[in-house]
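Naming follows writing order (A, B and C), and every chain is counted from residue 1.
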Amino acid sequence: MTSVDNVENMPIKVRPATKKRSQIKAIAFRFKKNKLAVFGLVLLTVIFMISILADFVVDFDTAINQNMQVRLQPPSREHIFGTDQYGRDMFARIIHGSRVSLFVGLISIGISLAIGVVIGSTAGFYGGRIDNVIMRFMDVLLAIPQTLMAISVVAALGPGIRNLLIAMIVSSIPRFSRIVRSSILSISGQEFVEAAKACGTSDFRIVARHIIPNAIGPIVVQATLNMAATIIAIAGLSFIGLGIEPPNPEWGSMLSEGKAQMRYYPHLVVIPGIAIVLAVMGLNLIGDGLRDSLDPRLKN
Amino acid sequence: MPEKILTIKDLYVEYETDEATVYAVNGLDIEVEEGETLGLVGETGAGKTTAALSIMKLLPEKIGSIKKGSINLDGLDIIKAGEGDMRSIRGNVVSMIFQDPMTSLNPVLTVGDQIYEVLAIHKNDSREKLNARVDEILQLVGIPPKRKTDYPHQFSGGMKQRVIIAIALACEPKLLLADEPTTALDVTIQAQVLEMMKSLKSRLNTAMVLITHDMGVVAEMCDRVAIMYAGEIVEIGMVEDIFEDPKHHPYTEGLFGSIPDLNKKTKRLNPIPGLMPDPTEIAKGCSFSPRCPKRLDICSLVQPENISFGNHSIKCHLFKNN
Amino acid sequence: MTKYILKRIFLMFPVILGVSFIVFLIMSFTPGDPARLILGESATFEDIEILREEMGLNDNFFVRYFNYVKNAVTNFDFGNSYTTKQPVTNELFARFPSTLKLALGSVFLMVMIGVPIGIISAVKQYSLIDRISLVGALLLTSMPAFWFGLMLVLVFALRLRWFPATGADTIKHFILPCFTLAAAMMANLIRMTRSIMLEVIRQDYIRTARAKGVKEMTVIYKHALRNALLPVVTIIGLNLGGLLGGTMIIESVFAMPGLGTLTIESIRMKNTPTVMASILFVAILAGIINLIVDILYVYIDPRIKSQYAKN
């Protein structure tokens, strides 16, 4: 439900390719100055580290072993985040649950981005008939709201992590294709590309040294913001039972399980939610920070 | 003896940003009489627009501020005036037109609406009377009144500028501030618009401060001319003085000298060497001295005074003993 | 102008057809045998085969798709639910009103609250209100809408008992769900409205208005706002599709009998015709809404309007 489609209209900041290294330094400098963006980066790194090192922090078994004697306990010293209705340690579940969200998010964005880049750049670069056909097709796909698309894929294939991944990839490809294509089109149309062609630069060189460096910016911003939306989507699908299957811990399914007991045991619902908010907020802050660093004019 | 409509004395205006303070106007002295056209000439960044915005008190809110000096417009002390007073004189006693006609009109309101608005704010007449006045003005600027229901995008650049002039002169202000009104227009349209402005101006007896960097426009339109550099007036005189008198501020000479002459065959242009001083630093001595081909030692140490030859004044050490 | 509208309506049909094809294609990947599902575990092989023939399940993909579209368009027949054996359309229309009310209520709240906040934020940039609304918007986009809904239920329904937690009978039932959905979409709207308004205020014609002596309030409302409205309406329009998708999940948080919960139940029970029809329905609805927004745009933007008026 997060809408990330304003990046299409973002002006592409253009510099000749020779200044690329100092460009990156300038962007990094502006990013560092943005305290919120840095905070987001730190936040996300921490969460990433936790998910990678999950097994070292706490056993996976702790996350799934049921123990009805200690069920529904509020946060305490033995169970930092309390226990759920099956006596499972919430802390362990949150830690291990981070893996699903982050990795499914990362992989699905990575793959859909790669596919989107191929589709979008083919359409953008070749133009004409090919462009038309591809984009009409994308328009049809985009006519289906993203959430709905994901739901229908999982509806057809069934729950589970593999199908969740497929659903996330399929529902993200059209958007990425569109962004990549419009980035490439708007850069290709600018005068410095014409100038490069007038100097006799080969097509390949133009793409590699002029088009791609300028296109990367908005695409990275979009990817970051899309990943944030994907994490929310994963939680949503798991919440309605179409995502990760029990007993695997996942923040969204923890919410649906905890819902029934929410009234007297709010920690079951509050804590996984906060985990989601932190991860997504980190990504949003990074994405916004990147967007501001790439073109500071947009800020004011 | 014609009345003085505008008197600016010793005006200092600064812009304060996060990064630096810009000293845009540094000790500006100007007077404009009723009905006369004063040309304000200078390069980009000389502070001309800032001076005009200060008169209207339309400097960007948190950034621009008048630090020192006085501005007197038709008896009103501008510096002390409150926003309410200013609003009642904007568009009414003093109007301003800006450089780019393409973006100065509101795209979602009809042209007639936008002219009507300025009349409705300042005049208490009935709707019919005001509408009639809108038609009258449009005709004066050479636009058929039936076009008042059209939107700005349906007009060409030159016609848009006419509309803007219509809005500016609708309430018959005593002073018109025109900031490079024809710079963005084609040369041929430029001539038309200037002609129209001239005739309107004389008809309504409006005084005008015409900001420009085009000496041709100056020759055509102005009674007096002031040359501005780095936020202050370095030379001022009647238009004949400026064009014919051999005595000039070195900067003015540079300006004239940099105009290509169709009669001479030259290989290179003659720009004034160097750049305008960094407006974030206050100069010691004469602000033009670093670029001045005639500079003396004293120039970089002491601020020059205004030396008058009748109506012609020059702010330069070179003329001190004449 | 009617030419333009007709043209847009015409263009919608291929898109709807395309959407139906995509959805049908996706649903065709569903494993399992529908005939077996209907007849139950104890059915004989022959019975299943007979039913399969009847239902046309042995035809190839394109024949099945063609028949589906033909039935849908000519008889308004989207098949029968596997579970209730009743026409799917009955269920759809029974459940639709709740979803519609939820969607409309949410849009209303989103626009009524979000746009003014965005405008005030822009006009009073960097003030306290501005900072609070930006932080608020950041938090709202970072939280899943359904979690926000759960929190609202926790506080306002379970603890304070001001509103009911589930159901869709009275207006009171809709307040928390609409507010939840509106809040999720509002965040983006606030940020975009703010940045659009900021840009408009920097335009030259605003300076012209001030130079005429126009009161600041009037400058904001008459001059700035009307220009900002155009892109803001576009943004609202773009988000409406996502809003419809969002109703699905929110309905299950608040146990509302709408299309969303129908879809989810049907998925669980492998009731493919219902799933297919309700997804198709929502997707088509999204398309129609986009069309309406497009048409609305023509009326609001004088530049486009005059383009078509003169022709």
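To be clear about the criterion, contacts are C-beta pairs under 8 Å (C-beta built on N, C-alpha and C of every residue); 3 or more make two chains touch, one makes a residue touch a chain.
In this text, all values refer to a predicted model and were calculated from it rather than measured experimentally.
Listed by label, the chains touching chain A and chain C alike form an empty list. The interface with the largest number of contacting C-beta pairs joins chains A-C.
In this assembly, the C-alpha centroid of chain A lies 22 Å from the C-alpha centroid of chain C. We define each chain's centre as the mean of its Cα atoms; on that basis chain B and chain C are separated by 54 Å.
Touching chain C in their complex are the following residues of chain A: 1-3, 5-6, 136-137, 139-141, 143-148, 151-158, 228, 232, 235-236, 239-242, 252, 255, 259, 262-263, 266, 269-270, 273, 276-277, 280-281, 284-285, 298, 300. Considering their complex, residues 15, 18-19, 21-23, 26-31, 138-139, 141-147, 150-151, 153-154, 158-159, 184-185, 188, 192, 195, 198, 235, 238-239, 241-246, 248-249, 252-253, 263-264, 267-268, 275, 279, 282-283, 286-287, 290 of chain C touch chain A. Looking at the complex, you find that chain C touches chain B at residues 203-205, 207-215, 222-223, 226-227, 230, 301-303, 306. Every residue of chain B that touches chain C in the complex is listed here, in rising order: 56, 58, 86-92, 95-96, 98, 100, 103-109, 117-118, 121-122, 150-151, 153-154, 164, 167.
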